[in-house]
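Two complexes, one shared chain (chain A), two partners (chain B, chain C).
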Partner chain A sequence: MALLQIAEPGLSTAPHQHRLAVGIDLGTTNSLVATVKNGIAVCLVDEQGRALVPSVVHYRGDGGVDIGVAALGARLEDPKNTIVSVKRFMGRGLTDVTHIEAMPYVFEETPGMLRLRTVRGSKSPVEISADILRALRARAEASLGGELTGAVITVPAYFDDAQRQATKDAARLAGLHVLRLLNEPTAAAVAYGLDNAAEGVYAVYDLGGGTFDLSILKLTRGVFEVLATNGDAALGGDDFDHRLYCWALDQSRIAPPSAEDARRMQMKARAVKELLSVSEEAPFRVRLASNEEVDLNIGRETFFEMTRPLVQKTLAPIRRALRDAGLVAQDIKGVVMVGGATRMPHVLRAVAEFFGQAPLTNLDPDKVVALGAAMQANALAGNRRAGDDDWLLLDVIPLSLGLETMGGLSEKIVPRNATLPIARAQEFTTFKDGQTAMAFHVVQGERELVADCRSLARFELRGIPPMVAGAARIRVTFQVDADGLLSVSAREASTGVETSITVKPSYGLTDDEIADMLRAGIDRAGDDFAVRALREQQLEAERLLEATARALETDGELLGTTERAAIEHEAAKLKALAAGGDAPAIGAGIAALARITDAFAARRMDRSIRSALAGHKIEEL
Partner chain B sequence: MSVTLTERAAAHVANFLGKRGKGLGIRLGVKTSGCSGMAYKLEFIDAALDDDEVFDSHGIKVVVDRKSLVYLDGTELDYVREGLNEGFKFDNPNARNQCGCGESFNV
Partner chain C sequence: MAVDFTADYFALFGLPRRFGIDEAVLDRAWHTLQAEVHPDRHASRPDSERRRAMQGALRVNEAYGTLKKALPRAQYLLELAGFGHGHGHGLELGHGAVASSTMAPEFLIEQMQWREAVAEARAVGDVAALERLAQRLRAHAGEMTTRLAAQIDERRDLEAAADTVHRLMFLDKLRREIDDALAALDG
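For the complex of A and B:
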């Protein structure tokens, strides 16, 4: 028989109409599923009371699949078919993944995402993630005694569109209805903000297994707004393990280890790292399959010293996020710590030093994201009453979205850090007379030149009625949904012809590239501005020369020979200038040509008016 | 006439109320719906209404409106665990039969 939970006043549902919704933290190292029960967010546990599901999938030779704790043992016995940290491969190609040489898998490079060859055949990261999600779904349905209405799944704030799409695809494959993808730091803020009823500006420092995110959030009267996000998609607790692993290899002077031994050493490295958070010293002792023995001892300070650069690496994104939000460290009222790696004392110390205050740690850093996601899922499924404690969640896009315009310039339509969901429209026009089609190139990035931005998609609008240059009005609308996925549409005003595209972005931007694009956008703003000014002047010169040439062709007889020669002289001068790189000089040339053609333009105007009026009586007009 | 909680159920309710941070107690009731005619209602309560009966069971205020009390008299609410699932269970002497899911009953 079904067991009942206590509902909020006036909210008990009719039989068979419970909307069971869960929040899922699909993590690099561990995953969790949580739900709101009796008004309180709780993580769902297995028979042994364990909340964490290790994000490990083992494909067995007999056709079975083990997930989580059941798959842990197989990391040693069958490393090739036991996939850990699959999140790092989501939406990624082979060249994007760091430390690939230390991984025991057989990779296959395929267009788009990489694949892994296992005993159960070729598997994409999406399929492997779906297996983890399926296990979480089964646990939730067993715990809640019914089918799930939907789930909120969290992703790092830094995930690009390809990675978000891959996560959604995995959920669909696992038979989950995705209510929303939620940024992990935002979910943590939901958990903290609601539980503590806090107001003010907060920073969320999320050092997970494989990713680092820093978000600046503003909480006012139950409204969450993300002011800025920044981070490093390839920095996490795994990197600390890896440093320790490299140190052990170096110290023990053993031969390059086999896949199995490498895994064994890595597991030991993780255990030693965790031990060093609570004790001053830890033994690093492993017996390898080759019968060699690694027998080392490491002190806490040695470990802190070797991983200091990693901790320092997390500070740069904090500075960038603060700058984006227009804030300084003193403005931050509290710092929320998320992710198991934030238990390391030197990480806590560095963060405390940077912000000049002790970070908040009163919720379990491993669970806080899942709990926040569960609260969001509960609200989205309609299990909360609208009214007094109603709350709204605002999120932002990490990189500006724009269109390529003439001259290879990027026109930003949706600025970076704009709140989601968002729709922005801008009007564009034709560049040439009689132009009937227009190509759109959607780009993502902070730089002024398209060549420096990331290309997302291209599409064309056809069927524009022939008009003179500049007369057509084409309205381009950018729409980014609550999951951060983009659709772009273009519509010609007079005929209503329309075309649109949903961006399934060309993937393949590496983590470093994302970071570089942001950095370059800020560092190179001055140069970019100069380049943009030059391109704009060159375009203007080109447009004026074309118009002048056309006018000379059609109405040349209105000019005397000297007048014509003077215009042609200025035009030739401008043409030469435009080929060079001196923006102010081109500007002067444009002004000179415009001035000398003034009288000509006036005469042309008179003639066209005369011809328009010829043969008409004044009353007819 | 009375409606009671088992000790275990009362402990869980106290815990949930504590975490919720507000509320007088819980409301038990019946609604006419579901596959067998009537369905149980179980909610937190922030204020009692005029036609409510208030019972005290192991220190927890249990509120039932008069109309529902007719169908709930003698009911004991228990908290049970079945596999991974746990929650409240109505033990109602008035219910003659239940639907398979146990969320709906008739008298």
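For the complex of A and C:
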């Protein structure tokens, strides 16, 4: 593949330390952690050689927590305290979750995100996910023999802001430095695209345990450009299980099952579903705790027939994504299949029929997301060496962002499928004379009515100078970063008096709560919060010093002698501070060096952009 | 001297300031610039540098979004020429109609006919009819784009171009409505 020519800014020839970075696929059913070793992405396995960590958390009566394989048994013995598929609850309220009646948990009705009552107390989905992430981090640190510098965590492309923020919070809670939230289909495309030197327009069809994503990407010379993405954040293998479970309840005419028996039936349903991918027929036989016996038999075609609506449900997002990309099915060069649920033959058949070509199944649908995330983590940590593959990901926001306007309508500010990062501003004005405050309601979704969109945040801008109606100019700016996370600011600009506010949407957990939980968790682990904070400052100081040294080495001629001396002076001061243990002093030193190198950094960026563009012009000729 | 991120978008991508552009050149320049400023290129860099790169990345994407599609590109060219039709400043009437003071009455009638056809197809959930309308709309928008190229690049008749821009704004809005209707019918 003719790869994009990109030089890491200030890339020096000096060998630098390999930073431990991992990619984590935090799945509904299974989670994985992967890393790049000697240039090759590999999944990290347990002593038995297993890469998949079941996303199951058991809170034990004795205060302990089991995760993964160790928690599987408890699904039956202790269903209330054994949480499966917690990803379905991330950033969601009780009313958002389907099939809640078939779940054995004790839910708590809380504003924003729902919570579960367990023997270990009330747990938010963020905390439960953090427990899974902690187990993955432990596996990685044991296997790699050191502390992780950072992690790329994957999320379904169709996750909204609430779900993304919840995922990032969970990672922070687990003590991970999040290099990036990466969309699952994009991660898969990276792994597939780099391995196969693919060029052209591809679709990634990702049907996992709980989510469905469809992304269309254009691959050109090392650039992975997402053209459109669509999906259903609550559609996956679990729903196929549920159909089968309902069928079995109906056929066997047993009494409404207990929590434990429901779990038993659901586990059976999943096993039967998976068996039907390879055999024509499967027994559905379960002995229940109630002493009743379910003894059924199901043929493959019956199962396909009852779940056809679910398969059909995945086609609508494909049509929407194609329409948004301005393409038709025939424009797609290849369809990459991801996720365990794509092993079902009728799913494969429907996708093949839709695109008029056999989908690409020559990769492990369970691992490809984690492998792609590991590659990206390795690149983001700065481990790429000269001559290595180089690539750039240009991803999009899956759902439009808007503000509530008169009549409960949503006015779209950032359209879906806009390339990230993006900032968009819109001006509003007061509608009453002397009005000094204005309320805003931020929503996400495609529907016209605010009531049909997801509410992300409400905030108020105060201190607007009193004016006649329509005279104030209030500029609201939406900014979405590469992770797909939004921040909003508002400013009144007509009088030169500026009032500004920045909100980050929050869902039941404030930054303070996260900090408290983090502190508590670290205390429990016998770790010291202050030590951790200090280490973070030292790392940032190290980054800045290294960057400054490289910059002086490669672009020193952009500086006058006094400028250079001033920078070297501040750098030496910071170096001395970083060796000590005073975190606030290091912070001040970082700020001072950053300030004095600011103009230099600007000149360097200008130069690199100009030379990139010049190279680009030469290429055109 | 510096790469002026406040320079006009054409200059930023090294393109001549005209309506007709080579999309392949634009795409390539976009990739080249993003490879320098995208947040992922600076992930392990100090905070100050990351903030600066982010500003660049936002600007580059804004510029690309403006030049990539015919309508915002034409609007932007008119704006640069000091012609008061910037982004979204077109007068919007109720029911999604778009008008300007100089607009020909037959265009208003045309708009009504389009809207009626869409409303009708949507009301009865006729996907095929909506798709046919979308296709006709695309063809019509294509003609308008060709017309714009002649008006802006050849005849330099910005007055006429502004009128065409208004027509395109209407077509664009209608296209989004058809897409939304189709998406809704998809379930």
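Just so it is clear, the second predicted complex is superposed on the first by the 399 of 621 C-alpha atoms of A that agree within 3 Å, B and C clash if a C-alpha of one lies under 4 Å from a C-alpha of the other, contacts with A are read in each partner's own complex, and residues count from 1 in each chain.
The working rule: a contact is a pair of C-beta atoms (placed from the backbone, for glycine too) under 8 Å apart; a residue touches a chain by one contact, two chains touch by 3 or more.
What you are looking at is a predicted structure, and each value in this text was computed from that prediction instead of being measured.
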Looking at chain A, does chain C or chain B touch more of its residues? C
First (chain B), second (chain C), both or neither: which does A:145 touch? first
Considering only touches as defined above, state whether A:606 meets chain B (first), chain C (second), both or neither. second
For A:423, using the defined touch cut-off, is the partner it touches chain B, chain C, both, or neither? Pick first, second, both or neither. second
Just chain B (first), just chain C (second), both, or neither: which does A:47 touch? first
Output check: A:38 vs chain B and chain C. Expected answer is one of first, second, both, neither. What do you get? first
State whether A:316 touches chain B only (first), chain C only (second), both chains, or neither. second
Counting only touches as set out at the top, which of chain B and chain C does A:597 meet: first, second, both, neither? second
Where on chain A do chain B and chain C both make contact? 4, 6, 8-9
Can you tell me which positions in chain B touch chain A when the two form their complex? 12-13, 16, 19-20, 26-27, 31, 33-35, 39-46, 80, 82-90, 98-99, 101-104
Residue ranges of chain C touching chain A (in the complex, touch as defined): 1-3, 14, 25, 27-29, 31-49, 52-54, 56-58, 61-62, 64-65, 179-180, 182-183, 186-187
Using the touch definition from the top, list the residues of chain A that touch chain B in their complex. 1-12, 14-16, 38-40, 44-47, 139, 142-145
Under the stated contact criterion, what part of chain A meets chain C in this complex? 4, 6, 8-9, 19, 179-180, 220-221, 223, 225, 313, 316, 319-320, 323-324, 376, 379-382, 392-394, 418-423, 446, 479, 481-482, 540, 543-544, 547, 590, 594, 597-598, 601-603, 605-606, 608-610, 612-613, 615-617, 619-620
